[in-house]
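Chain nomenclature is as follows: A, B, C and D, assigned in order of appearance, with residue numbering initiated at 1 for each chain independently.
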Amino acid sequence: MLEDIPVLSLIVWLPLLGAVVTLLMPKQNARLLRWTAIVFSVVPLVLGLLLFASYEPILGGGAYAEHGTWLSVPLNAEAWSASQGVTSYRLVFNYLLGIDGISLPLVLLTGIVSTMSALATVHIHKRWKTFYPLFLLLQTGMYGVFLARDVVLFFIFFELTLLPMFFLIGIWGYFGKEKAANRFLLYNGLGSAVMLLGFLILIATLGFSATQTAGGVELVYSGSYDTMLANLADPNAAANAGGAMFLSGNLRWAAFILLLIAFGIKLPFFPFHTWMLKVHTEAPPSVVMIHSGILLKMGVYGLIRFVALLFPGQIDSWAPVLATLGVINILYGAILACAQKEFKLVLAYSSISHMGIVLLGIASLNETGFEGAIYQAVSHGLISALLFLIVGSLYERTGTTRLDELGGLARSLPFTSGILLTAGLASLGLPGLSGFIGEFLSFLGLFDTWKWLTAIGVLGVLFAAVYVLRGVLAMIHGPMQEKWIGLKEARFIEALPMVALTALIVLLGVYPSLLTDLMQHGFDGLLKELQTRVGG
Amino acid sequence: MSMLASYLTLAAVLFCIGLYGVLTKRNAVVVLLSIELMLNAVNLNLIAFSRYGIAPSLKGQVFALFSMTVAAAEAAVGIAVLIALYRNRATVNVDEFDELRR
Amino acid sequence: MATVFSQYAWLVPAFPLAAFAVLTAMGRQQNRTGGWIATIASLASFVVALLILIERMSGNADDYNGSFDWLRVGGTQLTAGYEVTNLTSLMMAIVTFVSLLVNLYSIGYMKGDDRAAVFFAYVSLFVSSMLGLTLSDNLLIMYVCWELVGVCSFLLIGFWFQKPEARAAAKKAFIVTRIGDLGLLIAILLLFWYMPGHALDFSSLHNVFGTQSGLISTSLTTLIALLIFLGAAGKSGQFPLHVWLPDAMEGPTPISALIHAATMVAAGVFLVVRTFDIFAAAPAAMDTVAIVGAFTAIFAATIGLAQNDIKRVLAFSTVSQLGYMMLALGVGSTTAAMFHLFTHAFFKALLFLAAGSVIHAVHTQDIREMGGLGRRMKTTAWTFGIGALALSGIPPLSGFWSKDAILGAALDDRPWLFVVGAVAAFFTALYMARLFLLVFAGKPRGSAEAYAHAKESPAVMTVPLVVLAVLAVAAGFVMTPFQDWLGPWLSGGGEKEDANGVAIVVSIVVSLLGIGLGWLIYGGRGAVRPDVVSSRLPWLARLLERKYYVDELYDLLFVKSLGRLGQGLRFFDEVVVDGAVRLAGSAVSALGRANTRLQNGQVQTYGLVAIIAAVILVLAIAGRRFW
Amino acid sequence: MITTLTWSDSWYLAPEIVLAAFTIALAVLDLALPRRVGRDVIGWGALVGLVLAGVFVCWHIHDLNVWKDAGKDAFRNVLGGSWRVDNFGNLLKLAFLGATALIVLASLGTVRDREVPIKGEFYYLILPAVIGAMAMSSSGDMLTMYVGMELLSITTYVLVAVRKKSGQSAEAAFKYVVTGGTASAFVLYGMSFLYGVTGTTHLASIGQALPGALADYRAMIYVAFFLMIVGFALKLALAPFHAWAPDVYQGAPTPVTAFLAVVAKGAAMAMVYRIFLNTAQFATGDDSQVRDDLFLALGVLAAAAMIVGIAGALKQQNAKRLLALSGVANAGILLVPLSLDLTNLHSSLFSEFVYYLAAYVLMNIGALAVLTLVSRSSGHEQLSAFAGLYHRAPWTAAAMTALLCSLAGLPITAGFYGKLYILFATVQTGEYWLAAILLGTTVVSYYVYFSFIRQMYMRGGENEPSVRMTIPTGVVIWVCAAGSVALGIFPKPVLDWVDGLFSLTTDFLAR
């Protein structure tokens, strides 16, 4: 049934439709706007769940893939036609959407976190009619990133998330919002510029395909991911390329490093992390939920999809570098998280630490590690979304999230505090909650190859306990200050996403097969490549 | 060839004098005159090439004629602009034309 | 024989889990009924566990194993499953029994607390995960439950969250045990990659390590064993990870009885027993276990001598007794260890509950403010006395038999450890005598008003005391040197405890000596002044009172230095990393400013710059061709 | 060979003749019309003239297509080869005419008598300027090119000074005259050497003769080209030859600023393309050193322009100066395709250039049109004039956002696609350093252009006066904004069309 409708396109474009719809609505009716946004966030989620239900790992997502040509622009063929009989020489940007075990979990994550964050937009108090279209536009960008199978399309969706985020931070943020928005824009702009250069190198050196027709040769450059994979796998590709420049060793390294940095900034890894601190502290909570919950995961996804899967040789020899970076991230983030006085910053640094675990998973270069990386991404997405949801809810009530100003909140806000504690425990990797599985799989994967590094990285788990407990307990335990006595417990619309996210975190922690089974065949190609490389 | 070389040298010197004038003279009128000097250096160049050049042809002289005409027009406009400016500022000192800055 | 009840073993943890779910869902409204829901659930668990135990005791029942797919790791499917063996059934029975009693006791103890429902929810979750830990058939699931019990312990220590001490203690408990957990985690990682077929279940471990298959080298085995022991040490409060356990006494007393005396802290011992094959294959690891155990036993016992908080004395006693169990394991006697775990569960739970009863009555934990309470609370005093005697190792109480089994095993294996154990036993008897005498005998030292208000606790609290007291007396008879029933049952008939006359005599003598000395000092006769040590050797008294300054050392070594490192990195992050970013930014703006400065409005300046630029361009690009 | 102007030749000069005729007619009309009659009618007349000229250009394109289909060369030499009708010229002419039409239309809505007292003059002087621009893009001879360049320059000198009561306007004009004159002198000086080495001023002939002259007159060839490069760098305001541009742009009336930024720059660019592609390719011979140096110099200038332009704009508070500096950067981008090697793989430089030029026309004119509106309501041209525009005129703010996205090169806009196309070319030819600089400056440009967005959306705005929109300006703004977005989403028709029309061999290599 799902195969017959363009389900992926629906997932991508429905939020945009929602954005248009909200634009047509009256300006003052916040409820109407909010519920429209919620509906348009839920529908893609439902579609994603249907996909999830019918997805067969063994078959892959081929049945759902959508192929189309978006642009086919001419490159001047005169010189070619004279020498090689090329009749058509074009640059093609495809509209390729696809799904597999790597992207499906992230699509689901996007749906879930977006929906929850849409519910959490009750904390937005002004300019709704501008907020919701941007919010929905952002969703289109995110879905597009996870579903696009053409590097240019991917890039466009990637950039498409930039603009709404800039506004969402800059208009609805807290005190230093403009600065935060600028930082976000510049840093991510830099990242996407680096990424674009990498992609262009890929297109120019891997994205070509020549078709022999009756009239002559048709030469095409395209950003199609599958074409690139096919060219990579084809040992004769360089010869087939004819005059075209094939990806040489040096270029391969250059593109690899460029993409690594590009996605590393998004991830973010040390020392490219400072931008996200400001975003975490200054952006409105529902936006940070999306930022920390989904946008950072675009880095994870990019690293796996474009760095690991496209450059098996490079990632093979750079695995120690990645693993070291991962360990640095883990410890650096964790130790700094221990030293913060502002809870949002604790969470920001903890994100850095957790993303280090993702790097470890990727550096392990085995199925376990990759699964761990994705699992960690999904789980961190849920957990950090939950944490920021609570942060928003607390900030709404207390006007601060500084650790030294809060305390004893469990007295007046037992429910919120309980959820906060659960989320904190999940964040420190407590078994039975989702955070553990991702960490475990990543460590397990890396341990096969880099035992000492893993052992050092595991220390991060200890620090995680330190900073999470330090932060969470400072807020909810201890003596309560007078002024927090009358606080009101979370409203239903706040409690709903809290409970839902908690439930998901527990579910994924208790029954991890739910996700790991999805990813089962996602890495077959790469692993085969790595094996031949290692074996041969 | 030596003939050409000397003309070219003269033209180059003239050009440089013109350029120097443009860059240093305080009087706006002199600045405009210096531009004319540069253009005239070029004219000299063209004529020299047209007479003593590698492939002598009339084209150079024609070019010089055009150039003179155009330069005249340019000078006219330049002086007109300067007059407008002088009316406004009551000075022709280039140094004082710095209201538009930064 | 067919297993009738064993296949329903999953019900045992399921009941308390259900209670937890119900209590959480219903929230705070259930302060009244909450206790009963939890109690009924643990009763149900106890019944099932008891049935299973009886079934297993009736002889040759097969081990039962059930599992389902849990997590796919690469090509390997990890399962979650449960396994019923003699060991697990025994452990299950202990846990369910103690938790039943503690639940019952808590109904009285927690009466009037407006978060009682939360308390019972936590307890139920704890019981459930503790049972899961007991039942699980592989290390990974065990690890999951292992961490869950840790969290419940953390939650319950911090139950009175408004007390800063409780918050600090909870945090400390979690973090210190987590250090041990990391060891266990790394051990699991190692096992996963080195075990054939990535198997983590206990039967495979037995097959690989127990049979000298040589699949895994001795050094690696030692490493794995030590890492597992690190985990066990964290949970069981072995030196140097013991620091959290005394602080954990900030929690409600029933919790101290249940978690920090009878069950969870014993999980470390249980873990080593479960993976004993690995230890057995690594002699060096065995030495470590034995030495650490023995050292902890004597180390904690000496500290117990100088503490003034009733629960802290008991806590150090627990640490010390756990050290005994580890000592037993280190000298190769799992039966002795399990036996002591078994008896200790009863008498230590008894001691804590009785202490709780005292605290309930006088609202203080400082023994210097007690005294003479025996007259006001007879049941409590009697039961506490029985527990103290059992702990001190006075025959024929249960503690005597189990301690004797350990000392006997130590004597057989490494006599010098026996000496250490015996000295520790002396101190044990001494501090228990001190504790009992200071609390229940003599004249009241606290305020008269408090003494007047002190009265016996309600039945719901005393009944568990009595039941436990009976068991503290009787439990030892399952394995005496004369009638050894437990040993063969647990170890499948291989191990037979030999009566060791020397051990028996020495153990009785040191216990009596300890009690006697205690009587002389604290008996109120003034034979020896209580400040005999503190006046002669003030530094020693101070050392003991300050717990050998281990906390202070850790604070200096780890907490402070982590804080300093954090500050340093913060500076680094703000100044160097972010500074580099700002520097790049300001470099660009400096270029912009240079450009702005250039635009001074002087067209001749513009021309000059242009000409200079032109010269540079020509020289750089064309000029390089000419020289 | 003596050639005379024939009727058929004048058919190929029709667009220019039309414009010239309109200039004269409108000048006469301006004189004849009584004072009290508004001069808007002259503006509309100029618009008609521009459109008519555009129709003729289209007609030429059609003619050339017919020839092409018939198998003939799709170009026409007129006046002894000094004038060429080919699609290179035609496409650029269309761009210039379109841009001028937009500017005229926008100024019809905004130029007020107080600002430009001699409005009629403004409208009819813009026409000969366009003729000059067209001559620059359509000449086959250096001489004609030079005359075209001067025609454009001299008329724009006047246009800049058109607010004759304003000291700023006159000062800007003076600076422009001095710089423009010097630039002309440099260009001309370089041309004279080129003539000296080859003995001809005909571009194609120079191209043929240069490889032969290379052996003996290498230094002179260097001199010739570098003098021209310096001259053009001044004209194009490439960094660091750009310092005059912000002053002049600021002092000139905004429509003239737009004209300078778009048409004058585009025409100079066209001239550079024409000259370098015709003469500097040195297609034969192994000695490619001089050629490489020349194109490297262009690349370096382009890079410098991108960097300095954007960096300079970073701290700029005056919106007009900011756009001037952005124009410097964009000139750099426009120059990049030319500086790249022509190879089998990469020969679509003209499509890249023309596409980005079109994008640049739209975004720059649109942005300046918005600026006119905004500065008129706030009375100044500082960035803060945009404060709260989102509240005052949400739709204009939205249009401006689209235009800024295009300027910043964010998807999916014409600016994005144009940059992408050029970037792909740089990567194809292996000029990664240029790609890196282009990308790096693009990132910095986010900051620059988003400073408008910050003002519009995140700063005050409730107290500022409202913005009064006029229909012609509104039309221009929306044409530009919609065009920017549409070109970004569907660049294919334009590029297919350009690729079908333009041919490297026909337009540059055929004599």
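Keep this in mind: a contact is a pair of C-beta atoms (placed from the backbone, for glycine too) under 8 Å apart; a residue touches a chain by one contact, two chains touch by 3 or more.
This one's a predicted model, so the numbers in the text were calculated from it and none came from an experiment.
Could you work out which chain's C-alpha centre is the most distant one from the centre of chain B?
C
Identify the chain pair with more contacting C-beta pairs: B-D or A-D.
B-D
Taking each chain's centre as the mean of its CA atoms, how far is chain B from chain D in angstrom?
Here chain B and chain D have centroids separated by 26 Å.
Would you kindly tell me how far, in whole Å, the mean C-alpha position of chain D lies from that of chain A?
Those two chain centres are 42 Å apart.
Quick one: chain A and chain B, Cα centre-to-centre, how many Å?
Roughly 63 Å separates the two chain centres.
What is the distance, in whole Å, between the centres of chain B and chain C, each centre taken as the mean of its C-alpha atoms?
Centres of chain B and chain C (C-alpha means) sit 95 Å apart.
Can you pull out the residues of chain D that are in contact with at least two other chains?
In chain D, the residues touching two or more other chains are 174-175, 178, 182, 246-247, 444.
Scan chain B for residues touching two or more other chains and write them down.
19, 22, 31, 97, 99-102, in rising order.
Show the residues in chain A shared as contacts by 2 or more other chains, in ascending order.
Expected reply: 186.
All pairs of touching chains, please: list them by chain label.
A-C, A-D, B-C, B-D, C-D
Using the touch rule from the top, collect the residues of chain C that touch chain B in their complex.
Going through chain C, the ones touching chain B are 596, 599-604, 607-608, 611.
Using the touch rule from the top, collect the residues of chain B that touch chain C in their complex.
19, 22-24, 31, 94-95, 97-102
In the complex, go through chain B and note every residue touching chain D.
Interface residues on the chain B side: 8, 15, 18-19, 22, 28, 31-32, 35, 38-39, 41-42, 45-46, 48-50, 53-57, 59-60, 62-63, 66-67, 70, 73-74, 77-78, 80-82, 84-85, 87-89, 97, 99-102.
Would you tell me which residues of chain C are touching chain D in their complex?
Those residues of chain C that touch chain D are 588-589, 591-593, 595-596, 598-599, 601, 603, 605-607, 609-610, 613-614, 617-618, 620-622, 625-626.
If we count contacts the way the header does, which residues on chain C are in touch with chain A in the complex?
Counting only chain C, the residues touching chain A are 28, 69-75, 118, 143-148, 151, 155, 158, 161-162, 164, 166-167, 170-171, 174-175, 178-179, 182, 185-186, 189-190, 192-193, 562-563, 565-567, 569-570, 573, 577-578, 580-581, 585.
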